[in-house]
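If you scroll down you'll find the structure; I have some questions about it.
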């Protein structure tokens, strides 16, 4: 069904858009000038990727919805991003923990998507993975340095990683959309990403002298099916204001 | 000019609406159950007053705009509230300081408005002043008890009152709208409210053993003319979301 | 059974209210404290999912009704803590137990409110279920609790009606609004049925509580009542109850309904609901952030008391 | 004048760059530190008014351009702090001076950004003025500063064009959008003119700075250039410059413009602008909130260094 692919593309785009939006809330408020620059860089990369996914999704849907209509004129229940990426910024440790879990998954996913049977998907993945390998290196490196840093940085990183752990399970759970994508060799089976993700995450935890949260912890889910946490609505109200308040205007 | 009166009514309504919106952000998060109840009560009173002012403003304007269109379909530059009421909640001390300054002004203003040459204005003022005398008693009483309370509560109240002082000057500055209202005996001259306001505020500061900020401090202004602080846009984006996202829907 | 115990049970059996100063069984006292405080905590925590939409209510009238409702809930919390205090426990102690996770609140508030329609669904389904649970308690054996419940139930029935009114407006509205209402029903239906607690067969304390008349109907009876009452309301709204097994049984005069997923109930109870962590953290944070305020008021009260004693000397 | 002083001034007069290791006058060094750090601080604080709209940018493309611009500003801050550091002062010391209020940043950032059009007006007017100020500095006497300015100016001219492009879109848009653009021009026009500083007659250090070639044109000359450049652009947009005294002088070939309200300038400088307090607090808060992060990275670096020294022993 073309609907499945449309849904899959929205999931990719929404993850990138929502995380980029969160990161851009840090503008000018990071803990060091170098971080301001690096974080904005990641936000920009993700925003660019979101635009590529939305452009394709819009074309595929054939209803003349462009990237802005997809980004600014859908309400929360039509967003398909992971719960993880909509979680509030919290402290910088929380922001880094969110980024680290996401990058680690995003990287292995994109790696598989470069082999997609859909040439356009493979192409977008190819373009994105260079940026995302940098994201992956950066967030892993910071987790290591802060985990193995001072007593305070260690305990803050550990707490942040523990807190967000319950939002990681959703990355590896398949639904009908995923099954269709896997059947058509458009995307990997979500479960197949778990082993490489865990190996990478585990490696970084070890190097960072941090304790991996329990494997059997309860995992939240729903974002990819449009059932979000209470945070997304506020994020969208802010992000979408101008398009909503001035319908049809050109900017 | 009927425009002046419309503007005046919007100022009254916007003050009440925006402050009510701020107070309602405390729902379920106050420092004590009794405070949750009292603060919600004030929020409800102000919301009710906003509706009365908007109803009159809409009728006067004669463009068929009802209370909801006035509340939910104007952007920030069309809002006419004082800068004071849009300031963020901050700590509970900040919230109380904001309330105390506002109530002290609101009360004396409404007292004059009960004598308005415009019967409808006098009527709304009459209905409101009973509620507002309770607000005034409550916020003054809390300032006294917290100012003359513990070391910490004293310093927090003092800091909060100092911080917001610069937003009080605007209450007493007249512009063309005020001059028209005063000329028509619809509303008092803003400057005339300064002496009773200051006397009341001074009395409470004394009883609270707090130090009154300097009389010659620089005062911010602009809210009543639609030049706001950066906070209002966010407040409106959240408040107006549903009306903007689902134009024309009945709720 | 001691003579006191016998007299106590006889009073209950005769429908005479037990009052705070009366002799009572320790188990009765403890069970009541647990039950009343859990109810009070639910009112307090229950402000949060609704507070989540009060700043985004779609009209000023709806905002006003929702604010008033949340205020009522805080008020209910107040009555109920007072009722619990008559049993010799302080509100601060009860709150400490809430904050430490020792005391529970209704699991229903561990679900998120994701659209405005949830304000309708909560009023209609959650308050609706609460009323069914609570009306019998207006006749329970402990006087202060029974009297608190009378006040609570009066207001709750308003809330349920207001909730249904929100649903009605949505169902008469645009297709998007109707979809919002259906989605809310889908998400709140089963959790609302779970509010009545496990099936009686599974419920450990039911028999004892029934004997003490602090539980007057079984969980399953109350749940059936809720289903029977709600299904026609859903039909009237033109909404579909998310239960393929739901059907009217002409013979019994009741609706039959599908299996409840009790593993979900247990899981949310264990702390794994979508919002358990956030709700509790929000309350704990509010309490901690408010410490300076409560301390400040206490310090003032102490000073005032001291000043009063000093006045004669100064004169 | 000592021989060193004479040689120093001769180099400057001959257009030879002063480099960090060269002998320099203490006054020259101090003036440069003040000027460069003030410029660096402006880039950092300048992220905030634009950051205020990045989460609300109206299209993904505009959001992307704005984000990239803010990133550039952080980058400019970085070059400029590095340039200042060549004069023997640390970035941490400079930041401490910013946070304590001892060091200044451009007063323009003490005005609020109230609509999306302000993103246009800032690019067009504020960055436009900054470029006019900065282009001459690419030829200033201090090498590291001159080289930093070359990089900065290249990017700033993009920003100014992007800002104008936002204004253009708004002016071609709906009446509401055009009104937004006019309102932004009304609010930013005079503060932008003030960015060049007081009239030369009032400017104390100008002569000395001119002699050192770290100031190459007078404030009034630069301001005139800005007006001459900007007024036709405003006309092209169909916007009205908020100055009733503005008129073209055929003879001089320049625009004449009205009196600047220098009391407002002085007042904002004193700390009374609409956002002075908030901008500084935001930066101080960010710095304090980030302490654990910087400390953590330092602790890690120390451990790594220690481990490296220990490796031979362990081997």
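Chains: A, B, C and D, in written order; residue numbering restarts at 1 for each.
By definition in this document, a contact is a pair of C-beta atoms (placed from the backbone, for glycine too) under 8 Å apart; a residue touches a chain by one contact, two chains touch by 3 or more.
Since the structure is predicted, the reported quantities are computational estimates derived from the model, not experimental observations.
Student: Comparing the two chain pairs, does B-D have more C-beta contacts than B-C, or is it the other way round?
Tutor: Counting C-beta pairs in contact, B-C comes out ahead.
Student: Measuring between Cα centroids, what's the chain most distant from subunit A?
Tutor: Here the answer is chain B, farthest from subunit A.
Student: Provide the C-alpha centroid distance between subunit B and subunit D, rounded to the nearest whole angstrom.
Tutor: Averaging C-alpha atoms per chain gives centres 37 Å apart.
Student: Can you give the whole-Å distance between the Cα centres of subunit C and subunit D?
Tutor: 57
Student: Roughly how far is subunit A from subunit B, going centre to centre by Cα mean, in whole Å?
Tutor: For subunit A versus subunit B, the centre distance works out to 41 Å.
Student: Out of subunit C, which residues touch more than one other chain, so two or more?
Tutor: Within subunit C, the residues that touch at least two other chains are 56.
Student: When you check subunit B against every other chain, which residues touch at least two of them?
Tutor: 75, 233, 237-238, 241
Student: Taking the complex as given, what residues does subunit D use to touch subunit A?
Tutor: Touch residues, subunit D against subunit A: 44-45, 47-48, 50-51, 54-64, 67-68, 70-71, 74-75, 77-78, 81, 116, 166, 169-170, 172-174, 176-177, 282-283, 285-287, 289-301, 303.
Student: Within the complex, which stretch of subunit B touches subunit C?
Tutor: On the subunit B side, the touching residues are 17, 21, 24-25, 27-37, 40-41, 43-44, 47-48, 50-51, 54, 67-68, 71-72, 91-93, 144-146, 148-150, 152-154, 156, 238-239, 241-243, 246, 249-251.
Student: Under the stated contact criterion, what part of subunit D meets subunit B in this complex?
Tutor: 52, 56, 112-115, 180, 183, 187, 267, 270, 272, 274-275, 278
Student: Enumerate the contact residues on subunit A facing subunit C in the complex.
Tutor: 75-77, 218, 220, 222, 227-230, 233, 237
Student: Using the touch definition from the top, list the residues of subunit A that touch subunit B in their complex.
Tutor: Against subunit B, the touching part of subunit A is residues 75, 233-234, 236-238, 240-241, 244-245, 247.
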